[in-house]
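Chain lettering (A, B and C) follows the sequence in which the chains are written, and residue indices restart at 1 in each chain.
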Amino acid sequence: MKNILRYVIVRAALTLPMLFILLSVVFVVIRVMPGDPVSSMLGGHAPESVIEKKKEELGLNRPMIFQYVDYLWQICRLDLGESMILKQRVIDAIKLKIPATIELTFFGMLVTVLVGVSLGAYAADKRRSPQDYAIRIYGIVIYCIPVFWLGLMFQMIFGIWLDWMPIAGRTGARVFASTFEKTGFYVIDTILIRDFAALKDVLIHLVLPSVTLGLMLSGVFVRLTRANMLDVLKSDYILAAEARGIRHRRVVYKHAIMNAFVPILTMMGLQVALLMAGAVLTESTFSWPGMGRLLLERIYMRDYPTIQGVIVFFALIVALVSLVVDIVYALVDPRVRY
Amino acid sequence: MTTADTILALKDLKVHFPIHIGTVRAVESVSLEIRQGEVMGLVGESGCGKSTLGFSILRLLRTPGIIAAGEIVYHGRDIVQMGRRELLSLRGKRIGMIFQDPLTSLNPLFRVGDQFVETIRTHEKQVSRKRALERSESILARLGIAADRLYEYPHQMSGGMRQRIMIGMALVLNPDFLIADEPTTSLDVIVEAQFLDLLNELRAEFNLTILLISHNLGIVAQMADRITVMYGGRIVETGPAETVFADPLHPYTQGLLASIPNIKLDQPALHTMPGAPPDLVNPPGGCVFHPRCPRATDICRRSIPGLTDEKGRWTACWLHAPRD
Amino acid sequence: MKHSPSRKMAVLFARFAVMGKKYGVEWWILVVGAAIITGVVLMAVFSTAIAPFDPYDQNAGPQLSPPSRTHLMGTDNLQRDVFSRIVYGSRTILGVAVLAAILSSVVGITFGLISGFAGGFFDKILSLVMDSIYSFPGLILAIAFAAMLEPGILSITVAVAVIYIPTYFRLVRGQTLQIKEELYVEAARAIGASGRRILWQYIFPNVIATTVVVFTMNVGDAIMIEAALTYLGLGLPPSIVDWGMDLSMGRRFLPSGVWWLITFPGAMISILAIGFTMLGEGLAEILNPRLLEK
């Protein structure tokens, strides 16, 4: 146990420089962009004096270095500023929307892993068979299909033509979220309050968006799993396990998958970035009230502080997830522990 | 050819690997029998087919390898024709196998004890985990390994210990036949010696028959009762170890033994055999060794010699064929 | 002596088949990919000839009519012919994607070379920056850029290009470091000019092969990002004909059963992306079988 703790601390410490760079990059990008946020906020025709006054108010006239330090200091305190348009702290806006995104990405990742890993393992096991080629083609094609188009097609087929599932939002017309909303995670909330009709409604609203999101990434996992499995299946310990009479299915779906999974976990970290990108598009398509939609809304409103805040938040998540993945990696593979 | 106490008999076995440039004839028309309780050494240079032979006994050939023809008869049952279920019950339980590199032969993600338990419970489903661990402990004790090692991972052990773990796993279900494929190649000399001693002891205790596959003539000389020499996928000579070493019949065996450097002799140069191992996709016609044989004659180039019996020793060489 | 066209086709096909035998499935994947790309490129180049209507013509036909003989892909809510918009849209998407890829590669390769050769603190900092950008979700970065810049072809190209600079940077920097190391070792051994020649013969083709593959994949990805940005309404003004834009404009009518406004643009994006990906995969396998695990 001690080993793992030491690893966690060291690894966490290593995250800081990366985070620092990321945040600095965000700061530079937003400041350096052409276009003046204040003048567009006040409507293009405001007089100079008003613009200047507003800038003064927002602290945009101070030297860059002060703004930079302030920015970093604020982030340390998890203060992401205040919206320029609405009277709302950015952090509050985020807190409101984040559970929706987490629910979506969680179930999406679930679909991805289930579909991707099983197809990948199956393809590796049946190497060079027609099923293998079909699965490999699936892997290539599914990534190239834009996630928003996939979503629209699903909406069209399952939502409109077949009318099996709703195509927008987290809950239906007769279900009022305010009755059960506590944590923001509707699946949990409805269970806590034992409102199973609402639970069913929430789940059915989750189906299309998470399947859409999940399938998009599954291609990557199929290829990854297949490649890793092929490597693993060549290993001596697989041969040795078969020599001891262990059944083929167990050898492939337990021994081989576990060993192939370890590098997949690392890749999962990279995929979270893709997952977030996909979530933005999925939320837009399914009118899902999460972080992605928040970002887009505020972009249309030109609410720069919120935009910056959301992006900073994404950066924090990326760093955190990368850390978590490495830790889980260390837990699973006993060889990796400083 | 088959005597009463033969437990494994290979009859005209052919193992082929069809690849894009042709078919690699890794094992060609091999007939061999191994008797109860003996250690049969299988020697030859790299690529002669000995390891492939070892793997084919348990049908562990990697794609695209296939057993093209022949029989592998174990206690009267032909392994080549066996159904899946019977084959699985054979592996690990009646025939055990140990491999060259114990580090890569043990699953790095699972504790050693778990791997033992899995082996036991695969074949004896009703055994409880606790009981399985007890049995593992007892065999480890026999091998001189402390019981708490069962809770460790393979990478936490030394090479010699891992090799003993591997033997333990191979023997935990009391098989009567053990295939050892290059078991000492990855061990250093001292550990190797300990390993061989251990193997000898276990052989007596467990009443094992061992097929010892190695390119190291030294360990085979120490351990084997009989030895079989392979070349180019075929058997060239078989016989009691002492006799073969003292008086090799086949020119290849002679060359092999002559090329072992002798520290006591004052050799000006190493003895080598000219030429290179044969192309297994297009083997030479006639005797597979004839291109390199210093005593090849016309008939050697034309026809493949069969195994001929000469006082309990078998040789595939026209020089020793009966004159008729 | 002239050969008939059918004879020429036969010879061409025979040559293809021989290559196919030699390289296996990957060759056919490459061929299919190249064929798709060629098709779309031709569509872009010869738009004026292929498109039956002017894509901006708001009087080309009835409003929101399904595919018919005059309007192969139907018409939209502004009475424009969808097929013509698809044909002209290929210009936008291809143009942006290729331009962005070129921009990425030039910037990324340059910085990679400099960083690799210079080494030291500069290299460390630059690598850290590039790694950070690389680990960040590309689309979100692109959205940030597209949101900050005025909509237009240049803006969207820059937004898309930024994401891939780290890829080229890392690739070239890695190769540069490798060459540097080999050169030092070689100098120490004083092998002489022939050694250097071998180095260039070995490393250079490898670098070029990898770069070409990465570039192809880059264009494929850029297509997806461009479509995503325009779908979200960012990057391009509505006056430019674009598949992603048409997709977002068309989805409003989906609940009314209007399927042709979203099916065709989306399918085209997918097909084009698949084309580039297949080309990239095929090239990767053929140019260097060790790049991709079989």
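Definition applied: a residue touches a chain if its C-beta (ideal position, glycine included) is under 8 Å from a C-beta of that chain, and two chains touch if they have at least 3 such contacts.
Quick caveat: nothing in here was measured; it's all calculated off a predicted structure.
Peer 1: Among line, ring, star, complete and other, which best matches the way these chains touch?
Peer 2: Its topology is that of a line.
Peer 1: Which pairing of chains gives the most C-beta pairs in contact?
Peer 2: By number of C-beta pairs in contact, the leading chain pair is A-C.
Peer 1: Roughly how far is subunit A from subunit B, going centre to centre by Cα mean, in whole Å?
Peer 2: Going by mean C-alpha positions, subunit A sits 53 Å from subunit B.
Peer 1: Need the CA-centroid distance for the pair subunit B / subunit C, whole Å please.
Peer 2: Roughly 55 Å, centre to centre.
Peer 1: How big is the gap, in whole Å, between where the Cα atoms of subunit A centre and where those of subunit C centre?
Peer 2: Using C-alpha averages as centres, the distance is 24 Å.
Peer 1: Which residues of subunit A touch subunit B once you look at their complex with the stated criterion?
Peer 2: 127, 234-237, 239-247, 255, 258-259, 262, 332-335
Peer 1: Name, in rising order, each residue of subunit B that touches subunit A in their complex.
Peer 2: Interface residues on subunit B, with respect to subunit A: 58, 60, 62-63, 88-93, 96-97, 99-101, 104-110, 118-119, 122-123, 153, 155, 166, 169-170.
Peer 1: Sort out for me which residues of subunit C touch subunit A in the complex.
Peer 2: Touch list, subunit C to subunit A: 25, 128-129, 131-133, 135-140, 143-145, 147-150, 220, 224, 227-228, 231-234, 247, 251, 254-255, 257, 259, 262-263, 266-267, 269-270, 273-274, 277-278, 281, 293-294.
Peer 1: Which residues of subunit A touch subunit C in the complex?
Peer 2: 17-18, 21-22, 25-26, 29-30, 33-35, 133, 140-141, 143-146, 148-149, 152-153, 155-156, 160, 167, 227, 230-231, 270, 273-274, 276-278, 280-281, 284-285, 295-296, 299-300, 307, 311, 314-315, 318, 322
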